[in-house]
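In what comes next, subunit A is part of two complexes: it sits with subunit B in the first one and with subunit C in the second one.
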Partner chain A sequence: MEPFALYFATILTLAGIYAALTLGLNLQWGLTGLMNFGPLAFVAVGAYTSAILTVGGSAQHLGGFGWPWWLAWPLAALAGALLALPIGAISLRLRADYLAIATIGIAEILRLIVRNEDWLTGGPLGIPGIPRPFEGLGLPWGQFAYLALVAAVVAGLYAMAQATARSPFGRTLRAIRDDEEAAKAAGKNPAAFRLQAFVLGAACMGLAGAMLAHFFKFMGPDALDPVTATFLVWVMLIAGGSGNNLGAILGAVAVWALWAATDWLAGQLPGELATRAAYVRLFLIGLALQLILLYRPQGLIGERPPRPA
Partner chain B sequence: MLELLNFYLIPGLVLGAIYALAAAGVSLVYGVMRFANFMHGDMMTWGAYAALVAVLALGISPWVALPFAVAATIPVAWAADAAFFGRLRRAAPAVLLISSFGAALMIRAVVYFVFGPTPQNYGQGLVPPLLFGEVRIQQRHLFILAGAALAALALHLLLARTRAGRAMRAMADDPDLARVTGVPVAGVIRLTWAVAAALAAIAGTFLAIDTELTPMLGFNVLLAAFAAAILGGIGRPWGAALGGLLLGLAEELSSYPFLAGEPLLQPAYKTAVAFAVLVLVLIFRPQGLFRGMG
Partner chain C sequence: MSGAATAPAALAAEGLTKRFGGFTALDGVSLAVPEGSITGLIGPNGAGKSTFFATVAGFLRPDGGRVWLRGQEVTGAPPWRLHRAGLARTFQIPRLFGRLTVAENLAVAAPDQPGERLPRPWFARRRIREEERALRARVMAVLERLNLARHADAPATALSGGQKKLVELGRALMSGASLILLDEPAAGVNRTLLREIAATIARLNREDGITFLVIEHDLDLVAELCHPVHCMAEGRVIASGSMAEVRADPTVAEAYLGMALEPDAS
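Entry: the complex of A and B
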């Protein structure tokens, strides 16, 4: 029973971390129409910021500050936001596609930095020994407690995202997304609003990165894969329903459950076939995205703009 | 000086020629269909691996395998357009971009599935470089430069001298006007995909000849292709080609020891040059060198 419960808790914890990421992307793409194709960059910055601030000293990478997680996590969110600020300031006043290209670029550069700046990130060896909150409770309760913490963070982010979507600020973001000229005519500055939404979303992603690093207790370049850290998040949001915060969470949980289940199924196959099954899954998830875009562009639960109170 | 020419300028020109072909394809699709085609990099990969199949099956050299690469890549572009992009034509450009991202992953998945993640090569072995006095140039570099020049010339003749090319330029300038004046839109789109796929396959095979084949081959230069296309003014294939040349030179020169024996930029960060160029263009000249589309 216990191994099963632990496995289930692992799946749910990762689903929760993905939910935080998807909520961040929903703020950017769903609400504001910003194409961020580099969630990986913000996850990486958040993960390494929190890892470096909390681990013990080591000659292999920067560290030794030994801060508690509750101090490091907000700073991880801040790091995500700070990375987003210049990128957004440069590319958001231009065409929407330019942000997509710029974010792909920043994600690649972050991957290079992570791999090459050994003094900072430990290079290919990464940063081991990141403390996981509530570890002291032992198994399985420590892991359940961490799941509860992630769930609480996601609930908090959801409440904030809902409040944002309902606020005049959120209405302005939707107005800019749907008709920029009309929003301009109403005296709004689209570039400034877009930048705020982009930075807020990036902060969510930085926080998700921190939660990921502390869950794995390790952060290295191999943990940052464009497929799982960027593409999967897009599939989750579009499957769940762009523009709908509940849809973002639902999509994250549903797609992650599918991803983990197929991972488990593929693991049952013998050696070589298991590797190939992973590629089949990659193909199918790409195909699934296409089918959703074609036949159900609103996702599982589409956007429901709140009525003004 | 000679070192600069042999080890930085010539490789820079070669890389630039490859970027030029890739960027011209990206720019062409952007001009006619008005979306950033993130599938372009993986079309390059597809072409390079198609050439590998021909090399292995027929025992020919990769240069001779180029037509096979082109012929294998065009149907992929057409199929993706028929299955996905064509049906989303009325959707926002953003949706098309996301769709092309998904299609890119599907292509990559097939390449991974068939060929695995291990790097491969065309088995050309070591060929001694040609010497022109003190100037050394690798044979493959000479071929790539000549091949890229031929491809660029063919593209130029197509766009400038043929009816079909005029129709493509008309679509890029004003799609609605083109439609009402009787430009066969569906045919122009098919032709655009064919040309873009051919350029991608050639660029991909050249890149694989110069480096090695991996399933990430094309995706790794997608950023460079877009940076070059934006530098040249997006939607303008000639500008994109020039942008590609400049970017390739900049990338290689970035690791030249200008500063007292230290490279300007560690070679590991070469990719960052494309990003830096992109950022500089977006800040100082977002319309590109040759006024791209809005």
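Entry: the complex of A and C
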């Protein structure tokens, strides 16, 4: 029973971390129509910020501050926001596709920095020994407690995202997404609003990165894969229903469960087939995305305009 | 009359020029919209009327010339600043927020909403709910005037073309603007709705003191509503005055005749 419960907790914890990411992307894409193809960049900045601030000293990388996680996590969110600020300030005045190009570029640059700036990130060796909150409780309760912590963070982010989407601020974001010229005619400065939404979403992603690093207790360049840190997040948001915060969470949990289940299934296959199955899995997720876009473009639960007060 | 002569015009342009590459869309346009008037802007397709709107309202940067709003120079100011200064515009082809309801389309255009500024949406939710209730009442009042109240919670895309024009007008009214630029309010609208729109414009002018500048191809409607009237052709103002005077002007007849002979020119 216990191994099963632990496995289940692991899946749910990662699904929760993805939910934080997807909520961030929903603020950017679902609400504001911003194409961020580099969630990985903001995850990386958040993960390494929190890792460096909390680990013990080492000659292999920057560290030795030994801060508690509850101080480091808000700073990880801030780091995500600070990375988004210059990118957004430069590219959000231009056409929408420039942000897509800029974010892809930043994500790749960050991957290279992480791999090569050994003094900072430990290079390919990464940063081991990141403390996981509630580890002292031992197994399985420490793991359950961490799951509860992630769930609480996601609940908080959900409340923030809902309050944002339902406010006049959110209404203006949706207006700018639907028609920028008309939004200008309605007296809005689109670039200023977009920048706020972009930075806010990036902060969520930075926080998700911190939660990821402390869950793995390790952060290295191999933990940052564009497939899982960027592509999968988009699939989750589109499957769940972009524009809907609950849909974002639902999509994260459903797609992650599917991802984990196919991983387990692939593991049951004999040797060589198992390695090939990893690629089939990617192909299947891509196929699923195509089918969703064709037959249910609004996702599991689509956007609904909030009822008037 | 002497008061009208000394008061600054609601809107004045002087030598306004706009080029797109080698094409000169506005070639030194000077015209004034008297305070309290419904001024007409006519001219054949491609005369530069819509470009004039876009340049005056801050959507395009002029290459030359100056613009004044009630005696204040606003040349090159962005649309949101002009909106705050009391200038609103509509589009020739209605541009609504497609995934928003009709009521939301109007609510967006209300200026200075405290709930638009972070972090208030997170920490002042009760206050925002109250503000939203007051805003909803204002939106409904405008929708009543435009005969759209029963569509308030319908998605904007569900409306007919004419109703979309009314929503655009409603959005301009929500801004509290005292000067509204209307781009072809009657185009593609059936006769009944056209009468309704004309009556609404006249009433808003008379009762609310809103000044209008109207681009329109329906010359009978212009004759009925507008005074003065400016006629543009090839990026220039070629005649100004009452509709009768403009109609009688031989250059105006020539500009329209030139169009009639070249139906492809647009």
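Criterion: the second predicted complex is superposed on the first by the 309 of 309 C-alpha atoms of A that agree within 3 Å, B and C clash if a C-alpha of one lies under 4 Å from a C-alpha of the other, contacts with A are read in each partner's own complex, and residues count from 1 in each chain.
Throughout what follows, contacts are C-beta pairs under 8 Å (C-beta built on N, C-alpha and C of every residue); 3 or more make two chains touch, one makes a residue touch a chain.
Computed from a predicted model, the values in this text were never measured in an experiment.
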item: Touching partner for A:G187 - first (subunit B), second (subunit C), both, neither; value: second
item: First, second, both or neither for A:I285, with subunit B first and subunit C second; value: first
item: Contacts of A:A102 with subunit B and subunit C, given as first, second, both or neither; value: first
item: First (subunit B), second (subunit C), both or neither touched by A:A163; value: second
item: First, second, both or neither for A:N116, with subunit B first and subunit C second; value: first
item: More subunit A residues in contact [subunit B versus subunit C]; value: B
item: Which superposed partner A:D225 touches (first subunit B, second subunit C, both, neither); value: neither
item: Contact set on subunit A toward subunit C in their complex; value: 160, 163-164, 166-172, 174-175, 177-179, 181-189, 196, 200, 243, 303, 305, 308-309
item: Residues of subunit A touching subunit B in the complex; value: 33, 35, 37, 90-91, 94-98, 100-102, 104-106, 108-109, 112, 115-116, 227, 231, 234, 238, 275-276, 279-280, 282-283, 285-287, 289-290, 293-294, 297
item: Residue ranges of subunit B in contact with subunit A within the complex; value: 35-36, 38, 83-84, 87-88, 91, 93-95, 97-99, 101-106, 108-110, 112-113, 116, 222-223, 226-227, 230, 266, 268-269, 271-272, 274-275, 278-279, 282-283, 286, 294
item: Subunit C to subunit A touching residues, read off their complex; value: 57-59, 78-80, 83-84, 88-91, 95-101, 103-105, 107-109, 111, 113-118, 120-122, 125, 128-129, 131-133, 135-136, 152-153, 155, 171, 175
